[in-house]
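Both complexes below contain chain A, partnered by chain B and then by chain C.
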Partner chain A sequence: MNPLLVALAPQIVLVLTALAVLGLGVSIPRARNAITSAALLGPILSVVALHLFPVHGLFLGGMISLTPLAGIFQLVILGLAVVAMVFAADSFPKTHFAESLALVLFATVGMLLLCATDNLLMIFLALELTSIPLYVLAAFDKASRASAEAGLKYFLVGSVAAAFLLYGISLIFGVTGSTNLHAIASFAGPSDPLLLVGIVLAFGGFAFKVAAVPFHLWAPDVYEGAPTAAAAFIASGSKVAAVFILAKFLFGALGPWAGSMTAAGWAPVLALAAAASMLLGNITALVQSNVKRLLAYSAIAHGGYLLLGLASGEPASLPAVLFYVIIYAITTAGAFGVVLVVEHERGGSRLEDFDGLAKSSPGLALCLLVFLISLAGIPPLAGFFGKFYLFATALENPHLLWLVALAIVLNAISLYYYLIVLKHALVLPSHEDRKAGLHGTRALVAALALLVLALGLFPNFFLTPLTQSFHPAVADEAPVPNQTHP
Partner chain B sequence: MRNAERKEDLAGREGRIFPVSGLRLPVFPSNFSMILNATFLSAFAGALLVLVLPERWTRWIALAATLAGLGFAASAFPAFDNSPSAPHFQFVTELPWIPTLGISFHTGADGISLVLLLLTGLIAVTGVLFSWNVVLRPRAFFAFYLVIIGGVYGVFQSFDLFLLFVFYEIVIIPKYFLIAAWGSTNREYGAMKLTMYSAAGSALVLLVLLATYAASGAHSFDLFTLADPSKAAFAPGFQAWAFPVMFVGFAVLAGLWPLHTWAPTGHVAAPTAVSMLLAGVVMKLGSYGALRVAMTLFPLGLAQWRIPIAVLATAGIVLGALVALAQKDLKFTVGYSSIAHMGFVLLGLMTLNLSGLGGAVLQMFSHGIIGGLLFAVVGRMIYDRTHTRDITELGRLSLAKTLPFAAVTFTIASVASMGLPGFSGFIAEFTILKGAWTAFPSLLIPAGLGVVVTVAFTLIALQRTFYPAGEVPASPPPQPPITLPEKLGALLLMASTLVIGVFPSVLLDPILRSFESPLMHGLIQGGPR
Partner chain C sequence: MNSYLLLTLFLAIAIVFPLIPLAMAWAWARIFSPAKPGHDKQSSYECGIESTGPARVQFQSHYYLYALVFLVFDVETVFLLPFAAAFLNLPISAFLALMAFLLLLIEGLVWAWAKGILAWK
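On to the complex of A and B.
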């Protein structure tokens, strides 16, 4: 068999499933369960394909690059796709139901490709393949004006960001003469300011996906307006893929141009974006009255923490950033699952809609406690170890003490707004009755909460395979970023 | 007979903890000791059981879990080898946990840990007894309560700083919910204020912890490694900022003036068992962390900052006592008295001599018991029955007649709190002042003044509440009688303060010996290092 076909088997399986789901949607549009089962088969078969053909190596001159690390990320993204589809199956409208699941599958293909390439052009293509289905998903609730606004806003900001990225890529290509990350890494020409401009512009394109300041403006409206299942996927899967490729882009290809607090490079740009994201996200979240919007500002703040890890330029930070983004994605997907159930029960996601949750659904309230406390970085949950690891490795660069100090202080402040949500859910009473239902989502949320607790108590289970997968992957290819400190 | 053989077999093969032959159980390495870990494991297991078992069993599960914890903590005392040649740290467990960052599961105990573990056990049991009447969502109440207990047990036995910090932070969140959902006066505000102060303190500790890890280059969070100058040396410039930041981070929880304001509002808002926990053990987490981590790791920073901190501690003694003098709410009086008593702990720590340091640890124990008892009387015995804590209003109720047991308990607790000989508070504060006499002679005058004011406000509160002068109504409203759990809890605490008052060496000897260990020895001025 053609080795390329084998290497791309996970993506091919997903595309075929998506087409089959579309076909089912036309032929048996009422058979919701059948369509859902067929769609869920896609990621499952894709995982099987990943497992059966553990191909590693470069194809088409680096257009496709499969490493153990990429495999781990593909697995995580497939898992998040399953989560998003279970949420969607429980909440999406009857009309065009199959299309919504097919869109999730197509976006997943884009994310998988994003994790498996060493070429800037392929990165751009994969990013667009991820974004366009997500634009549609954000606007999928046709009865809601907020959803239409979310879709349009996401699309407009996303197109501008794509233009940034493309322009940045063209400048990088102009200076180094290649779009291949390995070739760019070994580029030995004179230091050209134009290259830095290109890097910063390309960073803008990725920052949009990470929801980092100043490319964050879409996040609050999209998180609030988009159907919750779509928002969950935007907040989790798309963020994981974007952080992975940003880390690969910066550490794998552009290590020599990291710079520091005193020398020009991308590290100070990232440090500034990190500081601005953490400040804006955490401070604005304090005054939110809608939980989805609050989660959006929390996402901006977490984008800041992730950029902080990248800004350190330390090779040791790389596994910490990747570990943290996965933890964050699992946690935030779970939090959106709880929001989904509350919306179903009460018709909204305002703070007041969470009143009395502990009485009507104690298990769900406990899960919400786990997710939000993990986001706030309180042990023994995974979010705590993730942040601890991230900050500990970032401090290997002593110039970054100020940024880590800022992050730790803002993280303490963030506890306030998470506690406000939890106060509504666990402390305040409510006299309204709640509807039962959404069993799939409830079960999945409980499983995610257990995962967050387990990864917090025993992070090694996941940390060991993650760090071991680094040998042939981005870390070793990365020339150690120039460290100006002693 | 067979059992005895099995025991032999077990002792012969180190590492097997379950004497079940034929079953392949995980074999632990020889450096695994269960007795200390059983304290927090029983608390966490209790929290889990409370959630899954029927509601009518809740209180009994909580009582069993806390009694088991107290049993393990107390049984560590006779098992601890106090002979001069014995190791300073015993019951050590060391298991790899997260080797990527040099983190291990490392627990153990010296005399200081033992004393505070015992305190935690005593307060945990009495807290359950004084919460016997909780009817609102008892499962959630006791689950949160037991999580706090488990976290506190964990802090007092951790010798890996990551592990210590994990336990330290576990305590924060349950406090919020216990106060916000089951509290009284201004509870949501009090809960949030207390939680944010704790979180801010933890943030400072975390920052220095991470900076210490990076600066040491030892790739370890183990306290013994980091405190060993041959493995990890910290530059004077680093210690000059790291020590005060970390010390203040911990001391926020110990009620260091002027960062103490969370304590009175929090104590007043909290339900009885939580005020007892806050005053009894949670404030001790702060002083313990300051001693065990900040002072041990950064001796140079300590030398630089000890005088300013001693001044703040003395200010806490004097101002806490003066503010307590002016309170009308009985719980506020007790809350501010906690600030004054914790000021003694911090002053004792800063003396850096054996008398002051040992006295400080004994005062942690003593105030834990006495403060817990005072809050129990005010919150459970009085407020739950009279629904007022206003001292003047309480005076009109002739409580000495209607609630004689409460009156006697409060009198004994007050007398102990004033530092009368025969009670634990006397020994503790006397040894601290003796240490301060050599270290800071000039601070002795204000500290002595603090003692006088403490006697004054305690006597005034006692007299106005229970034995008011002037007209007493002929037929005071009857009060529901004191229940058996309340009596048992009160007796347990009163007996503890009396026993330690009469036989202080039971605790003081192991405490003083702890300061001879290589880890703590550097604290005593004039020692090597």
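On to the complex of A and C.
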């Protein structure tokens, strides 16, 4: 069999499933359960394909590059896609139901490709393949004006960010003569200012996906306006893929141009963006009255924490960043699941809608407690260990002490707004009746909460395979493939 | 530092370049064309046709969908033509690859058809 077909089997399976789901959507549009099961089969078969053909190596001169680390991230993204589809199956309207699931599948294909490439052009294509279905998903609720606004804003900001990225790529290609990450890394030129401009522009494109200041403006409106299941996928899956590829881009290709607090390079840019994101995210979240909006500002703050890890420029902080983004994605997906159930019960996601949650559905309130406390970084939950590991490794760079100190102070502040949500959910009473339903989402939220708890108690269970997979790592030397020199 | 200078120069030129025609247009208007506003000059169309109705009219989004479906098959032709021209010299794998490509497009058309996009409402 063609080795490329084997290497791309997980993506091919997903595309075929998406096409089948579209077909089912026009032939049996009313059979919601059948469509959902068919769509869920996609990621499951994709995981099977990932395990059946554990191919590693470079294909098409690095256009496709499969490493054990990429495999782990593909697995995580497929898991997040299942979560998003279960949320969507419970909440999306009847019209165009199959299409919504197919769009999630198409976006997942883009994210998988994003994890498995060494080429800037392929990175751009995969990023667009991820973004375009997500734009549509953000605007999917046709009855809601907020959803249309979310989709349009996400699309407009996303296109500008894509232009930034493309311009940056063209400058990097112009200076180094290659779009391959390894070839760029081995380009032994002086620190050309034009290259630095290219790097900063490309970083702008990625920062949009990570929702880092100053590319964060879309996040609050999109998280609030988009259907909650779509917002959950935007906040989790797309963030994981973007942080992975940003780490690979910075450490794998641009290591020599890291710079420091005193020398020009990408590290000071990242440090500034991290500081701005943490400040703006954490402080603005304090005054939010809508939980989805609050989660958006929390996402901006967490984007700042992740950039902090990358800004340290230490190879040791790379596993910490990647570990933290996975934990963050699982936690946020769970928190959005709780919001989804509350929205179904009360018709909104304002803080008041969470009143009396502990009385009416104690299990769900407990899950919310786990997610928010983990996001705030309190032991014994996964968020604590992730943050501890992230800050500890970032401190190996002594110049970053000010940033880590800022992060810890702001993290303490962040506890306040998470506790406000918990006060509404656990303490304040409510006299309104609640609707039952959404059993799939409830079960999945419970499973995610258990996962967050388990990852907090036994982080090595997941961290060991992650660090072991660094042997032929993102940052490491892989054979430079035959190049596409101009 | 020399290359930073070059970059700054580039930036300066990039800013000045669009400003020159703007400044020239402004100066031209200032010096050679005194403002004499009148009813005819301020109408939407200076050709003399009276405009009727508001400018904001709603378009059917169907136009857009038609154009989209058309575009897909327009691009398809670009691929099919060289394929047909070199058909006799191509291996079987090329044939299969193109059939997969066609299948994807045809599924799209069938889907659009079944969704009622091709029927004018």
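Heads up, the rule we're going with is that the second predicted complex is superposed on the first by the 477 of 486 C-alpha atoms of A that agree within 3 Å, B and C clash if a C-alpha of one lies under 4 Å from a C-alpha of the other, contacts with A are read in each partner's own complex, and residues count from 1 in each chain.
Just so we're on the same page, a contact is a pair of C-beta atoms (placed from the backbone, for glycine too) under 8 Å apart; a residue touches a chain by one contact, two chains touch by 3 or more.
Worth saying up front: this structure is predicted, and the values here are computed from it rather than measured.
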Q: Tell me which partner A:G23 touches in the superposition: chain B (first), chain C (second), both or neither.
A: second
**Q.** Which superposed partner A:L415 touches (first chain B, second chain C, both, neither)
**A.** first
Q: State whether A:I12 touches chain B only (first), chain C only (second), both chains, or neither.
A: neither
Q.
Between chain C and chain B, which one touches more residues of chain A when both complexes sit on the common chain A?
A. B
**Q.** Touched partner set for A:L194, first chain B, second chain C, both or neither
**A.** second
Q: With the two complexes superposed on chain A, say which partner A:P398 touches: chain B (first), chain C (second), both, or neither.
A: first
Q) After superposition on the shared chain, which partner residues are touched by A:L272: those of chain B (first), chain C (second), both, or neither? A) neither
Q. Where on chain A do the contacts with chain B and the contacts with chain C coincide?
A. none
Q: Spell out the residues on chain A that touch chain C in their complex, using ranges where they run on.
A: 19, 22-23, 25-27, 192-194, 197
Q.
Could you list, by residue number, the parts of chain A that touch chain B in their complex?
A. 358, 369, 373, 378-380, 384-385, 388-389, 391-392, 395-396, 398, 401, 404-405, 408-409, 411-412, 415-416, 419, 422-423, 426-427, 459-460, 463-464, 467
Q) Which bits of chain C are touching chain A when the two form their complex? A) 3-4, 7, 104, 107, 110-111, 114-115
Q) What residues on chain B touch chain A, complex-wise? A) 97-101, 137, 140, 162, 165-166, 169-170, 172-173, 176-177, 180-181, 188, 192, 195-196, 199-200, 202-203, 206-207, 210-211, 213-214
